[in-house]
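Structures incoming, each one as C-alpha cells.
Note that chain A is present in both complexes that follow, paired respectively with chain B and with chain C.
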Partner chain A sequence: MIKLTDVTKKYGTKTALEQVNLTLSKGKLIGLVGENGSGKSTTLKLIAGLNHPTNGEITVNGEKVTRKIASSVSYLSELDEYYRFFTVKDAIEFQASQFADFDMEKAYEIMKFMKLDPEKKLKHLSKGNRGRVKIVLTLGRNAPVVLMDEPFSGLDPMVRNSIVKGLISFVDLEKQLILITTHEVMEVENILDEIVAIKDGSIIAHDNVDDIRKENEQSIVDWMTEIYE
Partner chain B sequence: MADLFHSSKPIYEQIAELIKKQIIRGELHAGDKLPSVREMAIEVNVNPNTVQRTYRELESMEIARSKRGQGTFVTEDTEVLAAIREEMKAEILQNFTQQMYEMGYSKEEIKRGLADFLKERED
Partner chain C sequence: MSAWLALTKKEFRLGFPVFITALILYAGMMVGAYFLGKQINHEEAIMMTAFTIVIALHVLFLVFYLYYTLSSERKRLHLWLHTPMSIAELLLSKLFTGIVFMAITFIVSLSVAAMFFNQHFDFFNEQTIFNIMGLSTITVFNGAIWLAVTFVFFWSIFLTFSQRINDFFSFILTFILFLIIGWIYSLILSIGFVETITTWGPINVGDILVGFEFGYMDNAFEANTLSETSIFYIGHFIRDLIVTIIMFFAACWMIDRKVEV
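Our next item is the complex of A and B:
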C-alpha cells in the first residue's frame, strides 16, 4: 500500500533519509519510532506528498506520490496550526469542504467521544483539547492512509489515553493503514501491529511487535534500546 | 493501560490467558459468545488485529469456535474446557515447584509447607 524505493532526502548538505526501502501493507497500525531528528517527520511528509525525495520513488496504492496524494492520505501535522478563531464546528466543516472522503457523521461521533464542545473556539481550548480536535479532523476522513506525526507529544497521560481509545474505536483496519510517529514507544506499543525503527535517516528494523516480544522475550522498549546501540 | 499487560510477552497470548482464566473461574461458560473483536480491543485498549490474533489462537487450540457472521464462541466441548483447567493448574504448580527447588527446598519441605499453609488458611 505504501512503498518507498531507494528514497534519499537531502536538505542542502544534510542527509535526512538515506536509501530507504520500506513496504507497508493495508490493515495495520504501524509505529515509526526513533530519536528526535532521526527522519520520522521527513518520512511522513514525503509519503503525504508535502515534500519530494531527492532520489528514489514513493507510491501509495501503486500511485506515484505528488501533492495530489492528499485525496487518499489523511495527514496530521505535529504542529498546532489551525485557524484559532474557528470553533470546533467550523474546523470540522472546513475539513469537510477540503476532502471528499470526510465523513461528517463519523467526525461528530469522534467529537462526542472526545467530549469536545462544537461551539468552543480553538483559541479557547486547552492544548489537550486542541490535540483531540486534530484527531477528529484526521480520523473523520475515510482515507485509506492515515499519517499521524507525534499525536501524543506534549499531552498529558489522560489525553493520550483518550486519543488511544479514540484511535482504536474509530479506525477501520479493514480498509485503512495508520502510520504514527513517536519518540516514546511506551505510549503506543500496546496498540501497534508493526514497528519501524529509524536511526540517522536509515531504517534499522521493521517487525511485528508481538513477534518481537515472543522471539526475544523482551519488551519493545528494551528491544529498541538494544538495536539502537 | 500499560499495567494490564506484561511488556515482554506477546499481547495476543496475554489476552488468550485472560479469557482462559475467565473460563476456569466460570465467568465464561461453554457456548458463550465472546465480545466482538472491536469491543474487546476497546475494553483492553489494544489494536483490533491483536484481538483477532488471540481469537485465531483460541480457535487453533479448539477453545473457541467462530461462526460465520455471528462471532466467536467458547467451545461446547466440555472435555476441552476441563483440560484447560488441568493445564492451568499444572502450569502454576510447575512454576511453584521450580522456584522452590531453585531455592533448595526439599520435596518433603514443599509438601509439608503446602499442607501447613493450607491448614492455616482454613482456620
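Our next item is the complex of A and C:
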C-alpha cells in the first residue's frame, strides 16, 4: 500500500533519509520509532506529499506521491498550529468541507470521546486539548492511509493511555493503514501490529510486534534498546 | 466548488483583521484631515488631499492583505498545502477575498469622497463623478491586482529560497532577482519588435480626467479638473494580462513543486 523505493532526502548538505526501502501493507497499525532527528517526521511528510524526495520514488496504492495524494492520505502534523479563530465545531466542519472522505458522525463521536467542547475556540484550548482536536480531524477521515506524527505529545499522561486505547475503536483496520511516530512507545506498543525502527535516516528494523514478543520474548522497549545499542 | 467556497469562507476570517485595520486607517485619515482642515481653516484642500491619498492607498491594499494572509499560512503550511486542491485554487481564494475586502473599503471611501466633493465643489456634475469613479476604479483595481500577482510571484521565490537559506538572505536574493527581472522586462518592452506587436487596438478616450488644479483665490479654495484626450491600446492590456497570468502560474508551480513543509 505504501512503498518507498530507494528514497533519499537531503536538506542542503544534511541527509535526512538515505536509500530507504520500505513496504507497508494495509490493515495494520504501524509504529515508526527512532531518536530525535532520525528521519521519522521527514518520512511521514514525504508520504503525505508535503516534502519531495531528492532521489527515489514513493507510491501510495500504486499512485506516485505528489501533494494531491492528500485525497487519500490523512496527515497529522507534530506542529501545534491551527486556525485559532475556529471553534472546535468550525474546525471539524472546515475539515469536512475539504475532504470528501470526512465522516462527520465519526468526528463528533471522537470529539465526545476526547471530551472537547464544540463551541470552544481553539485559541482558548490548552495544548493538550489542541492535540485532541488534531486527532479528531485526522481520524475523522476515512482515508486509506492515516499518518500521525507524535499525536500524543502534549497529552496529559493520566489520560494518554485511555486515549491510545480508544483510538483503536475509531480506526477501520480492514481498510486503513495507520502509521504513527511516537516517543511514548510503552503506551502504544499494545495497539501496534508492526514496528519500524529508524536511525540516522536508515531503516534498521521492521518487525511484527507479536513476533518480537513471542520469538524474542522481549517487550518493544527492550527490543528497541537492543537494536539501538 | 463547495470545498473552495468553504476555503474562501475561512480566508474571509483569516484576512478580516487586515480589512478592519484598513477601515480604521482610512476612517482615521479622513477624520484627522477633517479636524486638521477645520483647525487651519483649509478644510476643503486638506479633505481633498486625504481622499486622494485614501483612494490611492487602495492600490497597495491587496499586497498588504496577501502579505498578512500568506505569512499566516507560512506558519501552518502543513495545513494549507495538505489538500487535494490545486495551488491556483488556494491562491485564487486569497485573491478573491482580498478583492472583496478592497472593494468594500473602496466603495465606502469613494462614496464618501463623492458626497463631499459634490457638496463643496461646483465643478462636480454627473459626468465628472462618473469620470472620476470609473477612472479611479479601473486604475486602482488594475494596479492592485497586478501588484498583488507580482507580490505572490516573488513571495513564492522567497519561500523557495528560504527552504535552503535563512530569511534574511532569502529576502536579499529575492530583492536582487526582483531588480534583475524588472530591468530585463523593461528592456524587452523597449525592443522595437515587441512594441510593434503589442501596440495595437487604440482606443481614444476623450476628456479623461488626468488630475486636479488647486489654488486660492480671494482667500477661498478653488479646485478644477484637468482633462485631456488619451489613447489606450488593447495590445498593452493583453500584454500585461499575459505577464500577470504567467507570473501567477509560475508562482503556483514553485509552491507546488519547490516549497516544502
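Heads up, the rule we're going with is that the second predicted complex is superposed on the first by the 225 of 229 C-alpha atoms of A that agree within 3 Å, B and C clash if a C-alpha of one lies under 4 Å from a C-alpha of the other, contacts with A are read in each partner's own complex, and residues count from 1 in each chain.
Note that in this section a residue touches a chain if its C-beta (ideal position, glycine included) is under 8 Å from a C-beta of that chain, and two chains touch if they have at least 3 such contacts.
Since this is a predicted model, take the numbers as computed values, not measurements.
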Room on chain A for both chain B and chain C (clash or fit): fit
Chain B versus chain C as contact partner of A:E81, first or second or both or neither: second
Partner chain(s) touched by A:G154 [first = chain B, second = chain C, both, neither]: neither
Touched partner set for A:H52, first chain B, second chain C, both or neither: second
Superposed arrangement, angle subtended at the Cα centre of chain A by chain B and chain C, nearest 10 degrees: 160
Contacts of A:G12 with chain B and chain C, given as first, second, both or neither: second
Chain B versus chain C as contact partner of A:R67, first or second or both or neither: second
Which of chain B and chain C A:G37 touches, first, second, both or neither: neither
Which of chain B and chain C A:D193 touches, first, second, both or neither: first
Overlay on chain A, chain C to chain B nearest C-alpha distance, Å: 28
Intersection of chain A interface sets (partners chain B, chain C): none
Residues of chain A defined as touching chain B within the complex: 27-29, 161, 164-165, 168-169, 173, 186, 189-193, 209-211, 213-214, 217-222
Residues of chain A touching chain C in the complex: 11-12, 45, 48, 50-52, 67-68, 70-71, 75, 77, 79, 81-83, 85-86, 93-94, 97-99
Chain A contact footprint on chain C (complex, rising order): 2-3, 5-7, 10, 13-14, 75-79, 81-85, 164, 256-257, 260-261
Chain B to chain A touching residues, read off their complex: 1-2, 5, 7-13, 38, 41-42, 45-50, 53
